[in-house]
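A, B, C, D, E and F label the chains in the order they appear, each numbered from 1.
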Amino acid sequence: MDAQKIIFLFILLVPLSSATSVVDFCVADFNYPDGPAGYACRNPANLTADDFVYSGLGVAGNTSNIFNASAFLAVDITFPALNGLGLSMARLDFGVGGVIPIHAHRVSEVILVIEGTIIAGFIGSNNTPYYKTLNKGDIMIFPQSLLHFQVNVGDLPALAFVSLNSASPGFQTTSFALGANDLPTDIIQKITLLDAAQIRQLKTVFGGTN
Amino acid sequence: MDAQKIIFLFILLVPLSSATSVVDFCVADFNYPDGPAGYACRNPANLTADDFVYSGLGVAGNTSNIFNASAFLAVDITFPALNGLGLSMARLDFGVGGVIPIHAHRVSEVILVIEGTIIAGFIGSNNTPYYKTLNKGDIMIFPQSLLHFQVNVGDLPALAFVSLNSASPGFQTTSFALGANDLPTDIIQKITLLDAAQIRQLKTVFGGTN
Amino acid sequence: MDAQKIIFLFILLVPLSSATSVVDFCVADFNYPDGPAGYACRNPANLTADDFVYSGLGVAGNTSNIFNASAFLAVDITFPALNGLGLSMARLDFGVGGVIPIHAHRVSEVILVIEGTIIAGFIGSNNTPYYKTLNKGDIMIFPQSLLHFQVNVGDLPALAFVSLNSASPGFQTTSFALGANDLPTDIIQKITLLDAAQIRQLKTVFGGTN
Amino acid sequence: MDAQKIIFLFILLVPLSSATSVVDFCVADFNYPDGPAGYACRNPANLTADDFVYSGLGVAGNTSNIFNASAFLAVDITFPALNGLGLSMARLDFGVGGVIPIHAHRVSEVILVIEGTIIAGFIGSNNTPYYKTLNKGDIMIFPQSLLHFQVNVGDLPALAFVSLNSASPGFQTTSFALGANDLPTDIIQKITLLDAAQIRQLKTVFGGTN
Amino acid sequence: MDAQKIIFLFILLVPLSSATSVVDFCVADFNYPDGPAGYACRNPANLTADDFVYSGLGVAGNTSNIFNASAFLAVDITFPALNGLGLSMARLDFGVGGVIPIHAHRVSEVILVIEGTIIAGFIGSNNTPYYKTLNKGDIMIFPQSLLHFQVNVGDLPALAFVSLNSASPGFQTTSFALGANDLPTDIIQKITLLDAAQIRQLKTVFGGTN
Amino acid sequence: MDAQKIIFLFILLVPLSSATSVVDFCVADFNYPDGPAGYACRNPANLTADDFVYSGLGVAGNTSNIFNASAFLAVDITFPALNGLGLSMARLDFGVGGVIPIHAHRVSEVILVIEGTIIAGFIGSNNTPYYKTLNKGDIMIFPQSLLHFQVNVGDLPALAFVSLNSASPGFQTTSFALGANDLPTDIIQKITLLDAAQIRQLKTVFGGTN
């Protein structure tokens, strides 16, 4: 091989490489504000393999809460390499009887059961519920924006992982949305037809006022 | 002008025109099933201006229902010219005290108040409520997938129109999603922390069972 | 309820909430330059319901101009909460005989007539015109990028609102594009086949030179 | 190598391959109607390399028309392999003094000059014109939806190719849109401020009526 | 509650529900050809929860092949509910020393290690490799279109799952692409700089000719 | 014409124009970091036609390298006006026998042959090769993410231009990806089944180590 030729080749390719390496990925730089498409990109020259690996989902969540369950997220702000790449994950730990309460988000989600037996389901916009018992190795798809939930119905703790097609999927839990704020009880009553006593109870549980 | 030249020009442009006229718009052809991007397109040669106009929103909705309100939609299946163009509308009529109950959909929505005084609001995914009294001419934006609602707080009926950036925006109303189906009460209880009596009441109101 | 458990739950949810609240919406921060997907986001902690409401469309436009009409826009730079959410609106006021001249923009538009009688139309890319008289309550869709127009043909002023599926839809009015600049008359003549005298007249009306 | 192992490997990969080969590309099948995202896909098993090559742009266009120019398109309906892949091309031939009249389309375009000297330009939505003389090897970008044009200003014929980021870019030429149809002259007058005589002349040139 | 009012309400909501239920999800109907956005949708009235659950990833793959590994896909053609929802998954089983050979696909991928210790990595477009040892619970992101690989470096079999943000992600394995077809050896030699003997060996292993 | 009326008209249109001119285009401002959707926009007030024209593709590339070919890119970092507009181009010069080695990128590409005779081809994800001899004026489409190549098979130098539907398409050349870095030879061996000697040779040619 002619070293001289190879040098020419590399000169040729240098601008090409720098042009494109930036956009292979866009690890979030939190020195700038977020934008509609995500965060600005860190300089790729300062990145290593460690930036593309996240170990936070390897740790069991603390399920000592009212739902006997926990959700731990790998999203852009916890795992910045996801920024701009359209994917995130979460680890779901369920104590016995544990529940991920009914919630929705902007994007679709697929759940994978690793341990245990859960009932998982979603509700269509015509109010049809689709729910089923899932065992180890089963996956289920929850279409974007539809309310969905998971309940551990086995005798043992359960473990599942979910993947979502956004680095920042959003996450709105219905009972929290109603009970964890100061939206006046009479408005909540009108927009839900729940009883005032029930609403006040939700507010007590979730820390809301009014 | 040289007619001969013009003829050449038209010959030139005929394939061009037919190539592109199809994709200017894609009025839904319901002879084929829906797809992820919407319905197949009707042959543009059979379309007239009438296909691009819809008068269904000009009629006041019947508000004689439990919410004293009505929502009438101009979406792809009622106004097929919207197919593939990323827009839809709805007319909201409110009787005195009328309410559009809390709901969400895949896409963002902007509301325009034409008559009356309403409180409109949405709840962020960190449970912060953003709500305000709107008067004639005010607009408010409801970001995609977040729970939102409107309540007529004036002394007279109110009228508003909303626009959404999809021809098929979806529409999931929380209390209907919980009460208008056969999802077992004990599951609903676990995933909402509502009382069983409250859930049974919602099921009675909205026609659900179990 | 066990307060201890609730505390654990809230600890669990804090990172989740902060992760997602940013991206529920992205109210434009004009301290940074625009980008291909819109402006950077203001810190959501500093936002209130007021940021999501705009009253500018409630005021009748001044139609004392050559077209006896006005268009007032609620777009990202006038209503920053629209940034990143894919929607904008405009109020169209028409004096008697008022006209919104033929124009186009990147995105689709739906018009809603509130008062009066107008002729609205668009021209397909194969040059077919689709136009029709619209009355109160009628809506019409104008597909993206196609030339369209509205003319008040009633005996009274007219009022309409349009919605567009971008927070920054662009807006190119044909006669302004030809007449309101210094593009040389001989070039305009060649690219339009208009007469030089006609072009000079457009330039006089719209303030162009050359 | 162990043939047995290889057989296992192939069994493993057969479903994988068939799963993905369909969606590598989607050569248009005109037996089904178009849809918002393009045409249905032909069975890849029936495709050969010939389906991915198009020779139609190798032939000089006939410029014997009123504009002394021609545009020949490689778009989805002439080159079906483009379907779904977001690209198209056109060949522009210019006689001496030839002109591609002012026009716009939904998507962005880049022009590459192969022979000759042309003036190319576009007009921003604030009516600013951006135009420049281009020589062999120059490229210029025309942003989506903005009016643009090309004029051969050299002493010889010119040749250029354009690329657009849609398989079906649309194409609306201003003077054709006004003159090549039966839109009434008085409406055109109002929406353009052109004189009636000028409009009638355009209609004569482009074959319109009324 | 007034039953009469509820009836009105339901009449109101019936068209709404049918409008939107179709587009909550779009389970693939293989009676129609694929399109650029995916398959046509099955009638939602015929769907049950079973359609949204897939158990194929619960079964260990057969790793008795040359790579001592297997990849089993849950994509649109094996799990039709994924159609149009932008997500798919795969199960990766590794025997001791098992390898998922270097490959790429159109979309981004996140891997989750369930058992064992693997080295996973990708190569940027400036040829920088990013690779690291992953243990149980670790996740790593592979940006779209970049070459990536996994190698079991532990003493035991390993298990991992990957998620991708398309229902039909594509999958091109470099050595298969070069060796499993009849592309002439001399062409492969020129476009890779591999030796002819090496290429013939790949063709022998992967079943190619020429 | 009534100057007074025109003044009113211009007052009306000033905010409109400033609103939309920003987003007609977004010439990259390299004072800010890249983001997932591209670079921030320069102030349009400082731009001229020169910013939208690039002459770098008019110069023949230096083909004195191991592949007897060169690729010169017009992408966002070399031609900043492309930023956000979804298009880029490259000029390919081939000496006699010149080769663009097998590579892939995130987006689709169309090639146009200007001079000479080349064999161009791509390999589907089921390993089917699609290749053909192309002559002057021929175009060929290479679907996104699939490996493709070009070889000059004529007796003279060849020239081609390619267009891609991203301003930053990425570019990963297989042999460089394997040989131009320090990825250990034993890992490369496992993930490609290439012989160690072959890999060491690639590393020598492309400057890799290990």
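By our rule, a contact is a pair of C-beta atoms (placed from the backbone, for glycine too) under 8 Å apart; a residue touches a chain by one contact, two chains touch by 3 or more.
According to UniProt, the chain labels map to these proteins: A, B, C, D, E, F = Germin-like protein.
Keep in mind that this is a model prediction, so the values were computed, not measured.
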Ordered by label, the neighbours common to chain D (Germin-like protein) and chain F (Germin-like protein) are C, E
Could you compare the number of C-beta pairs in contact for B-E with that for E-F and name the larger? E-F
Rounded to a multiple of 5, how large is the rotation, in degrees, that superposes the C-alpha trace of chain A (Germin-like protein) on chain F (Germin-like protein)? 120
Chain B (Germin-like protein) to chain D (Germin-like protein): how many Å between their CA centres? 34
Mean-CA-position distance for chain D (Germin-like protein) and chain A (Germin-like protein) (Å): 41
Distance between chain A (Germin-like protein) and chain E (Germin-like protein) based on Cα centroids, please, to the nearest Å. 20
Chain F (Germin-like protein) residues touching 2+ other chains are 17-18, 20, 24, 32, 35-37, 66, 105, 121, 125, 127-128, 131, 144, 146, 170-171, 176, 205-206
Applying that definition of touch, give me each pair of chains that meets it. A-B, A-C, A-E, A-F, B-C, B-D, B-E, C-D, C-F, D-E, D-F, E-F
Chain A (Germin-like protein)-facing residues of chain F (Germin-like protein), complex: 32-37, 61-62, 64-67, 70-73, 75-78, 105, 168-171, 176, 204-207
Spell out the part of chain C (Germin-like protein) that touches chain D (Germin-like protein) in their complex, as residue ranges. 66, 99-102, 104-106, 119, 121, 123, 125, 127-129, 131, 144-147, 149, 151, 170-172, 174-178, 180-183, 187, 190-195, 198, 201-202, 205-206
What does chain C (Germin-like protein) use to touch chain B (Germin-like protein) in their complex? 17-18, 20-21, 24-25, 44, 47-55, 57-59, 74, 79, 81-82, 85-87, 89, 107-110, 112, 114, 121-122, 124-128, 130-132, 134-144, 146, 161, 163-165
Interfacial residue positions of chain F (Germin-like protein) with respect to chain C (Germin-like protein) in the complex: 1-2, 4-6, 8-10, 12-13, 15-20, 22-24, 26, 29, 32, 35-43, 83-84
